[in-house]
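The structures come next, written out as structure tokens.
In what comes next, chain A is part of two complexes: it sits with chain B in the first one and with chain C in the second one.
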Partner chain A sequence: MTDLLQLLLAGVSVGAVYTLVAMGFVAIYTVSGVINLAQGEFAALAGLVAISATGSGLPLPVALLLAILTVVIVAAVMQRVTIAPVKRMTTLLSIILTLGVSTALKAAMLLIWGPEGHGLTPFPGTDFTLAGVAVRAQYLWILAVTALTAVAVTWFYERTLLGKALRACAEQPTAARLVGISIARASLLSFAIAGLLGAVAGVLASPVYFSAWDSGLALGLKGFVAATLGGLVSIRGAVAGGLVLGVLESLVAGYVDSGLRDAVAFIVLIVVLVVRPGGVLRQHSVARV
Partner chain B sequence: MLRIRRAGVVAATAALMIMTAGCAEKETAGDSGTSSGPIRIGAVLDITGAGASLGVPERKTLELLAKQLNDAGGINGRKVELIIEDNQSTEDGAAKAMNEMVSKKVDIVLGASRTGPSLAMRAIAESAKMPMISLAANVRIVDGATWVFKTAQNDSVVLENIIDYARSKGWKTIGLLRDASGYGEGVAETLTELGKPHGITVSQVEKFAPDATDFTAQMINIRNANADVNLIWGIPPAAALAQKSYRQLGITTPLLQSHGIGNQVFLDTAGDSADGLVAPLGRLLVADQLPDSDPQKAVLTKFLADYRAAYNEDPSTFAGHAWDAFQLAVEAFKAVGTDKQKVRDYLEQVNGFVGVTGVYRMTPKDHSGLGKDALVLVTVSGGKWQLLPTS
Partner chain C sequence: MADTTNPPTRPARGGTAGRRFAEPAGFAVFALLLVVFPLLAPETVVNVGVYALIYGIAAIGLTLLMGLAGQVSLGQAAFFAVGAYGQALLVTRYQVPMVVAALVAVGLAMLVALLVGVPLLRLRGHYLALATLGLGIIVTVVATESDYLGATSGLYGIGKPEFGGRRYDSPAEYFWLLSPVVFLALLVARNIVAGRVGRALGAVNDSEVAAECLGVNTYRLRLQVFVVSAGYAGLAGVAFVHWIGVVNPNAANFPLSVEFLLMSVLGGLGSVWGAIVGAFAVELLDEGLRSLIPTLLPGAVGEVQLIGFGVVLTAVILFVPGGIHGMWRSMLARLRRPAPGIGRRVVSDEDDSPLLARPGRPAPGTPLLEVRDLVRRFGGVTAVGGVSFEVRAGEIFALIGPNGAGKTTCFNMISGVLAPSEGSVWLRGERIDGRKPHVFARARATRTFQNLQIFRSTTVRGNVAVGRHLRSRAGLLRGALVLPARREERQIHQSVEETLALVGLAGDADRPAADLPFGRQRLLEIARALALEPDLLLLDEPMAGLSGGERRELARLLRRLRAGGMAVVLVEHDVEAVLALADRVAVLDDGRLIALGTPEEIRHDPAVLAAYLGVDDDEALTDEALTDEVTRAAARELANGDGA
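For the complex of A and B:
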């Protein structure tokens, strides 16, 4: 029982990070139909910036803000430079463009931070043991911040005018433009949101899961799989998808074979694409036309 | 890809002049390397990816040694040109880089840093008859090889030390948590084989990817196996994160690590959790604690001083593997020139070469040349390597 709880905790914690990355995929895809393969790099970049900032003596909260701000700016610049100028965006074109950005970001991070991985200082708090389950303070931070972020993002899309405008772009681009919503600005905003989500994932994960120039690849792939579980268009689906994936990985590693851990995400992806290409956990409320 | 430019320019000009002037000389030298112009040493290292904490200090070491050698006038008047390629810690990257080395007709290839990439290079070295010195551990890299040598201690040598230590403590069962890549392959089998005569068995085997960051699942299974002692077999940062996870889950069983952890990255990453672990490691890490009578003391002290002066940090045992490979190659070139067959034959009969990792005694059967004595038991206390007193 203790073992199961420990595995679940580890799974939920890593799943929460996948969730944040997955929400980033969804944020961009719903507005502009772009699959942003640089989403994982946002997380890696945020982690590395935060590590450098704390290393140069800045207090942790300032370092975190700086990291998140940097990534939001990078995401916005990325949209302006690579996505906005394209007149007719296709999925294939978006994949090629964002893959290019992802490769460029990776190369830049490798040049700046070198090849070795580092961990950010853990957030304040002491680790403790509860009913035989070892709990890291950082796990609680990850869970709490992810929960807050998920609620805030859902509220933003469902309750605020701006959020509704973004969803309008997703559902009826022409109609949205007719009522005065700028598609270009919506796309820019969606990238900024994705950058924010990726950055939060990056700084939360860094103390436990480490940041390196290439750590974005695995995060991005798993976040993508999590987003796919929700059909790429649902925030709730992304949340559920991330958590399910994290827990599944942890349980498979614990009860089946620890070597299979990284295969889980891809087996899930294949199964979903073959059986339910629209997403297993898809909510009825958001429909993409 | 890096070159030692200064030497390169001089050497290239010289080579050009000789090529136009003395064609006859080139013909006599044949295909197996020219006897003039720079000596070209290729290196294929795990500079990025999972093996970065190994490959980076190895690159630094090779660059330092090449510079020192050229400043001192090179080998028999010939400069050394170093050609370094990154294999990105992948097998296919290593094979590709090795093919490039062969087509560039370098005189010897050093690397790779880890077992998997080294195995990928071995077949190419054998078929191209290219002398190669790997810096990695697994004995399969050199088992039955003609052209391939290696400088890291064989895993079997490390495991012998571990079995000896387990015997001295009276431990009978070992829980193994190993790297799922080439480095960890065969460890459980070798450990079982070595332990059999002494009634020591491997009671649980868990695996982790070399770039893994979460070890909860494996640690729970290791904890439940309840062995007398547990062994983590990996390289940093994964080995260090596993160490952390082990302590964090409150497992109190004594913990051993492999010789894969001999660098500062391990200590920095593992932090307090490293205290109390025991690992068979090269002497480099505890050089200042060795008695003056130790045959390696002088070599180690000089390497430490040179490396610190150049890079303002301590070298790792992996840097030591690179030092040994480079110096073995230089010894060979000094003695027999760059004829590949002669270089190979020379390396095979190296006897008593004092390196950073140990004292090498190669034989046609053993292309690693290091015995059990190339390792000492080391523990960590207060974030520092400590020589474990021999009981």
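For the complex of A and C:
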């Protein structure tokens, strides 16, 4: 029982990180139909920047802000330089373009930070044991910040004018243009949001799961699987998808074989696509975001 | 939302006379280069050349996949690793002879692709790319975890190949050993692109719905190409493992998949040649960066060359989407002015003899198509509300009605482009509603489109040749081994000429289809449909955009087809033309059948008169919106792979 609780806690915590990455996929996909393969790199980059910033003596909150800001700028520049100039974006083009950016970002991180992984200093708080379950303070930080972010993002898309405008772009591009919403601006904004979400995932995860130049690859794939579980177009679906995937992985690693952890996401992806390509966790009543 | 999967440029199809000689010349020059390269280049460069050949094989496969199937694999290295591991296991542990082992190893890679492809190629968009990326991770995990596969250290001790007492162990020797393999691999890939399968998939990239209506089973062909492309990667893995002597989990690494992708993209997706050119370019870039970066940035270790890969990959797509091959083509095009289409039309005048009769066709008058209580709703709008009629062999049946009456929606449901909300469609006594359009085509029934769906990236001849898809049989294998398929290609060529002559397009055969004027594009669609030799032909507004003379000729063509026993169903706006031509007329209004009878009965039907007089501009406007919605819904259904 204690084992199970421990695995569930670990699963929910890693799942929260997937959730944040998945929301980034959804943010971009709904506006421009692009699957951003550099989404995982956003997280890795934020972690590494934060590590360097704290290493150079900056206080943790400042380092976090600096990391997040850096990644938001990188995401916006990426949109301006590689996505915006393409007139007729196709799936094939978007995959190759974002893959190119993701590869260049990976290599740049390798050149700057070297091949080894690093961990950010944990956020303040003491680890404790509750009913035999070891609870790390960082888990609570991850869960709390993810919950807050998810609520904020949902509120943004469903309640604010800007968020509604973004949704309009996704659903009715022509109508959106008619009422004066610029698709180009919306796409830029969606990349900035995705950068923000990826960066938050990166700095939250770094103290527990480490950041390395190539850690974005698996993280990106799992975020995508989580988003697909939720139907790719729904923020709520992405939240649920991330948590489900994280818990599944944790249970498989705990009860079957820890080496199979990375295989879970792929198997889940295949099963979802075979059984229900529209996403298993997406309800029809849930609004597209 | 970007839902199309068109590659930046497509493999060239339907070549002109000049290209017919250019290609063998290209292969001869390539063979010569392969022979002399190891003699002229220094050994270090030959060593790079060996890797270029090995990886080039995998890149050829990827070019086929991206160029023909319009899909990306981000896990080409996974199949490469499966091939390499398979070969290493068989050779070292079971002492299987090298060539036999290679066949099994390549087969293994193809089997894995088949298992992954069966569920995934039904879906379009990003799924195959992400799933193959996941496959790469899985193969790495399995290889690392399995003691049978040597865990992290992998399998080693695979010897250099030996043939006839000769050991191929120097770079030059191995280069020569690989050369014929690569040459054949390229030839086979070229034949696939130029043959029946390549033509059909090229058409799919232009208009999936039109290709399906001509009998192209998109899913099946894409799956075949995916499996073949994995076979190429497996073969590259085999060549790799005999050169290096070791294989470890790194073989399935993601950076290698990116490298393969870069080779294909940099070389150009428009031609399988691009893959080989790209392979040499990328290997040289790789070598250069590996030595350059550490001198610029001391302390740089690991896969630093990736930064160049990423930048080049992005830059090629942004600035030269056709890659090296595309640049070469546009250079040649500037040198050579294309010859304009000559000759107007060769129509046999005043000839009313039967056309395209075929033995085994249902006797005139027997019911061929039956539509029962067809309903289609889009959201809250009912576009078609319970329509029933029957079409008999050897008659011209017209479907008329005001704008927005649901005529095209009926066509879409009959031909399998849309699934009906309720009701059924029966062809020759078999229920076909909700099946894919290629099922409709296999039952010898096809259609044309109101908003034209010609294959824009090929010639007039190339368009009609796709119409012969079901009347020819060369599969991937037979098409790849060019000789047996040659005769069939000649027959296709012959019948395409005949079909083009029927609609008066013989003089335009080698023009790019997109260059034809609007009205002739309509005729081209009809020719394309006739090439299928259908028993039932649905024409959606065939008269639109035609001149008076062309209309009369088309009407005569349709009468001759009827005399040959074909059933023709028309949707047409030109009511006078329809009443003069059709045997029976059905009138739709607001999604309902309001009249059905001979032209004479229809002419005097009060309900029909009221419907036609009641049209005003507002309704015409809603019709436009509706057509738009129908098209989008149709595209969505195809995309989701409903009802296959």
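In this text, the second predicted complex is superposed on the first by the 283 of 289 C-alpha atoms of A that agree within 3 Å, B and C clash if a C-alpha of one lies under 4 Å from a C-alpha of the other, contacts with A are read in each partner's own complex, and residues count from 1 in each chain.
Here is the rule we use: contacts are C-beta pairs under 8 Å (C-beta built on N, C-alpha and C of every residue); 3 or more make two chains touch, one makes a residue touch a chain.
Note that the structure is predicted; figures quoted are calculated from it, not measured.
Taken together in the superposed arrangement on chain A, chain B and chain C clash. Once chain A of one complex is fitted onto chain A of the other, the partner contacts of A:P115 extend to both chain B and chain C. Legend: residue contacts after superposition of the two complexes on their common chain; A:G180 is shown touching neither chain B nor chain C. By the touch criterion defined above, A:G57 lies against neither chain B nor chain C after alignment on the C-alpha atoms of chain A.
In the superposition on chain A, A:A218 contacts both chain B and chain C. Once the two complexes are laid over each other on the shared chain, residue contacts for A:Y209 go to chain B alone; chain C is not touched. Once the two structures are superposed, chain B and chain C can be ranked by residues of chain A touched, with C on top.
In the superposed model, A:G259 lies in contact with both chain B and chain C. Superposing on chain A, the segment of chain C with clashing C-alpha atoms against chain B, chosen from 242-250, 260-268 or 584-592, turns out to be 242-250.
Residue overlap on chain A between the chain B contacts of one complex and the chain C contacts of the other covers 110, 114-115, 213, 218, 257, 259, 262. Those residues of chain A lying in contact with chain B across their complex are 3, 6-7, 9-10, 14, 110, 114-117, 119, 127, 129, 134, 136, 208-210, 212-214, 218, 250-251, 253-254, 257-259, 261-262. Across the complex, chain C meets chain A through its residues 1-8, 66, 70-72, 74, 116, 119-120, 123-127, 129-131, 133-135, 137-138, 141-142, 144-145, 254-255, 258, 261, 265, 293, 297, 299-315, 317-318, 321, 640-641.
Only residues 47-49, 52-53, 55-56, 180, 206-209, 211-214, 216-218, 220-221, 224, 237, 241, 248-250, 265, 269 of chain B touch chain A when the two sit together in their complex.
Residue ranges on chain A touching chain C, taken from their complex, read 32-35, 82, 85-86, 88-97, 99-108, 110-111, 114-115, 170, 173, 213, 217-218, 221, 224-225, 228, 257, 259-260, 262-263, 265-266, 269-270, 273-274, 277-278.
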